[in-house]
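Structure record follows, encoded as structure tokens.
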Amino acid sequence: MKATVIVTLKPTVLDPQGMTIHRNLESLGLASITDVRQGKHFDIGLKDDVPAESAREQVERLAREVLTNPVIEQYRIVWE
Amino acid sequence: MKATVIVTLKPTVLDPQGMTIHRNLESLGLASITDVRQGKHFDIGLKDDVPAESAREQVERLAREVLTNPVIEQYRIVWE
Amino acid sequence: MISEAILNQHNLTESEYQKIVQILKREPTLTELGIFSVMWSEHCSYKSSRVHLKRLPTRGAAVLQGPGENAGIIDIGDNLAVAFKIESHNHPSYIEPFQGAATGVGGILRDIFTMGARPIAAMNSLRFGPLHKQQNKRILEGVVGGIAFYGNCFGVPTVGGEVYFSKGYSQNPLVNAFALGIFEKDKIFYGRAHGIGNPVIYVGAKTGRDGIHGATMASAGFGEDAGAKRPNVQIGDPFMEKLLLEACLEAMQKGLVVGIQDMGAAGLTCSSCEMGARASTGIELNLDTVPQRESGMTSYEIMLSESQERMLLVADRSKEKQVFDVFHKWGLDVVTVGTVTNDGLLRVRQRGEIVAEIPNTALTDEAPLYERPLSAPKSLRSSRLDLYSFLDGCEESLIETFLNADANPDGQDYNELLKLAVSSPNLASRQWVWEQYDHMVQSNTMVGPGSDASVVRLKGTEKALAMTLDGPAYRVARNPREGAKMAVAEACRNIVCSGGRPLAATNCLNFGNPEHPEVMWQFSEVVDGMTEACNKFETPITGGNVSFYNETFGEDIYPTPVLGVVGVIEDLSFVTTSAFRDPGDTIVLVETPSRLLGKVNLDDERSLQDFISEAIRKRLVKSAHDIGEGGLAVALAECCYSNLQRRAVGAEVRVPVHMETCKDLFGEYSSRVVLTTTSADELKVIARRMGLEVSVLGQVGGSRLVLQYRTDRTVDISIDELEAAWRYALPKLLSSKSS
Amino acid sequence: MKFGVVIFPGSNCDHDCYYVIESVIHKPVEFVWHQDTSLKGFDAIVLPGGFAYGDYLRTGALAKFSPVMTAIRDFARKGGLVIGICNGFQILTESGLLPGALLRNVGMKYVCKFLHLRTETVNTPFTNGLSKGQLLQIPIGHGEGNYFADTETLKRIEDNDQVVFRYAAPDGQITGDANPNGSLHNIAGIVNEQRNVLGMMPHPDRSSESILGSVDGKLIFESMVNALVGAQKA
């Protein structure tokens, strides 16, 4: 079983990395790009025999307690 | 217009961040999780009036030339 | 209409509000109320501390600029000046350890380069709750990571600091960041808005809704709603700050800048009204021109935002374009947002309307001033650890082990006790921390973290600077006045042991709630103790910071003054470290006749320091180490550990007969140092002339630390074994299971 | 003979490198701005350490687009000496001037400390003054110095004698304990096939004066001078 957790900065939180990338795009002729925000992407593998509910719960906890800093970040989970 | 670029390490490249996260999972009671690999997630904003083809081309170039180091990484693009 | 609820939200009292109405002769707008609330907050106005801070000594031969500017400045000769200051970032570091600590470093660096100085060294003083709590580990890891992230990227070496663990800091870590910069004495810049009609220019990052009310937050304790205050978090961008540094220094060197101030606490509000007040001018701002990161920001939000990496400068009218060119070269936003006026008012416009109009001085000089009640506590803290303060905050079983050895000195395993001591949280090696800091960038670091003081050479001269941070928390908690003296004495002793001459000091005063009379008593006592000691060592205070409301759920932290002392080393050959050097060197203990515990005799201490200075200048000293927490045995062990120049080296020592076993191995008597020399007799002559006691303890050599007490070998242990216990203790604690 | 030290936005060892060349080995040196497009008159180029563009995205990733990099590519192709130290190494791999990539340290933390390097080849203009196997005390300071290359590339650079320095124990052994960051084969520095471009994570600029703890780094700068003098004579 597999899941993906996507962790992004909350919309109002400054993203210096994304901004710096964006600022340097114009010289590359990528002028149509108006915004870049960087987040994290986690591919999660699970044992095959875990009951779906328990899997859901564990990935949810992983995302909430380990992968996300709730002060500045938010997450969403995508199941495959 | 919006696109998402997901950059992940090639399967043959060691992922120290994922491994560090994984090492701490057992003590948290998340024993069903067998694997964690970390990648990057970029939300890309584009001007509304760009022709679709040009947009596609620019995001593709951004992903290939800027966001990814082909020695260690691979990417995929998701359009909204 | 300003309701009581709104006043409460702004931490303003009813009488403060009345004063505002009196000043304006009308009701304030909400934006104005916000401006008053941040400028009159404890953090910005020092309303509870000012009456006491006035007593600190601030003048001296070397002082070019005392408190009142962004940083203090001292003259170090050769036409060079040094700007330095320490600043707290305690509350933000509790809410978000990584970003809180990172932006703390960013803030203090801006305070230095805003004066025209290039930062050449940073240090930090950290306090955490005990590491057997998981939360405290996370805070430690986050804080250290944040400091490293910011300082390393910015390119300033973090050359030293201190870390201390104790229960009182469990819910309220302390993060005090120090920075020091260097410049030519005649190229100092001030935050003054001179020149009617000159443009007021905004440079650096865009303004977002970050940290609105940061200053008022730092002026209140954390209660149940700590979580609710969370959206305030600011994100540090060290790369932006590095660009700002280079661009600001370039604009200054080109003579384009009239006045400049960083936007720190209270952001645009504080920088504009302070610059105007200092120059007796007015400032008019047009908020429509302020670079904004988010849409729809109100005037209130723009004025109170604490977005990082921004500066406000005033340029000569004729040079506006040249200023723009410099900042554009570095790829930075630069916009004229206002002008200097002659009416002394801070006038703020948005969309053509005046949204605030306040006399600058009402916000600064006329801020409230409180003489808060003070009273000594009914009972002092227990004296149980007076001999062994390093055990403070340790687990009870460890404390019992030492107290038991003290009561029953015979038949103890002193090897084991020594190993326990060097691996205890407050004495264990801090390498895990400082290895994460780039302590070598700029290639000036002669003595990095790990010795008594840190030393950076000054390129182009034969000189170096020595610097140290010290804050003996337990000692101050036991006796604030004496503890404060000890802090100054220890900091100066560290400078002297490194070959330096102490020149001046900065201080960060971390205290609990000033509305508690006992806290104000502690504060007052600390100021008095510090004043007495700074006078004795001729180290005036050139600046600092006060952090009140360090409490969680109503419990005040230990009163925690942190002293930063800076000294000059006139010749690179005087640089001395604590590490033993060559086998055969004679080990000497130098003490004052008064064997004091928990206090210091300042006259004796001064003699001791004068002695060390003289001995180093006569080239009689091969190594020098201050005996601090953990006493003689721990100090000797520290001299033996391996370092860059040599492998671990042993020492054979005979403990003087007047000593008792446990007390004298680990007891923390004040004013003592361990020196090594090849000229013990000459040292003795000088020491006796100064009324000090000298004992030859033994010799450097071998691979074991041997401490012989009368006929028994009290300690006889391999240095490698001892060093391993010490070096890996902190990582071990961090990876061990905890609650 | 003239050295150039490149300044990218965010470089922070630029002045350190400049200082060593000017005041320790006493050779002419000038700064080169990242927008410059010509390297005329320079004989050797230093890409200094630091955090070019904040090292945001990936270390060295944005720096590779600077105009000066085009000039450096050209300069290197014509045989000019290029040394990339720390962030400079990262920029060289990102730009494709050196093979492989530098990943996050396995310990996940920035590490700043002195350590030992073993000289693996003296057949380069950067190590001609050293002896094979010579141990050097040179510090590192990085969070992403974990050298990676795919198996084929790794074999090629080993076979071609392109590995210049490896992290070593104090006795010269190449051990896992001596490896500070997880680098494959303990690799600390490599040259290109032409042998005129060196990238190394450790900092010779921080170890060229005895008051800073070591003079071993100076041997690398002096080797470059030897090579340039030799080239002038030839």
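The first chain written gets the first letter, and so on, giving A, B, C and D; residue counts start at 1 in each chain.
We take it that a contact is a pair of C-beta atoms (placed from the backbone, for glycine too) under 8 Å apart; a residue touches a chain by one contact, two chains touch by 3 or more.
Small disclaimer: the values here were computed from a predicted structure and weren't measured.
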| item | value |
| --- | --- |
| More contacts between chains, A-D or A-C | A-C |
| Averaged-CA centre spacing for the pair subunit C and subunit B, given as whole angstrom | 40 |
| Between subunit A and subunit D, centroid-to-centroid distance (C-alpha), Å | 34 |
| Mean-CA-position distance for subunit D and subunit B (Å) | 30 |
| Shared-contact residues (touching 2 or more other chains) in subunit A | 16, 20-21, 28, 38 |
| Subunit D: positions in contact with at least two other chains | 53-54, 56-57, 62, 65 |
| Touching two or more other chains - residues of subunit C | 237, 239-240, 331 |
| Interchain contacts, given as pairs of chains that touch | A-B, A-C, A-D, B-D, C-D |
| Subunit C-facing residues of subunit A, complex | 12-16, 20, 23, 69, 71-72 |
| Subunit B-touching residues of subunit A, taken from the complex the two chains share | 6-8, 18, 21, 25, 28, 30, 32-47, 50, 54-55, 58-59, 61-62, 65-67 |
| Subunit C to subunit A touching residues, read off their complex | 95-96, 98-99, 205, 208-210, 230-231, 233-237, 239-240, 293-294, 307-308, 331 |
| Sites on subunit D touched by subunit C in the complex | 9-10, 12-13, 15-16, 19-20, 23, 49-51, 53-56, 109-114, 137, 139, 141, 143, 203, 205-206, 209, 211-214 |
| Contacting residues of subunit D [partner subunit B, same complex] | 57-58, 61-62, 65, 93-94, 100-101, 103-108, 146, 148-150, 182 |
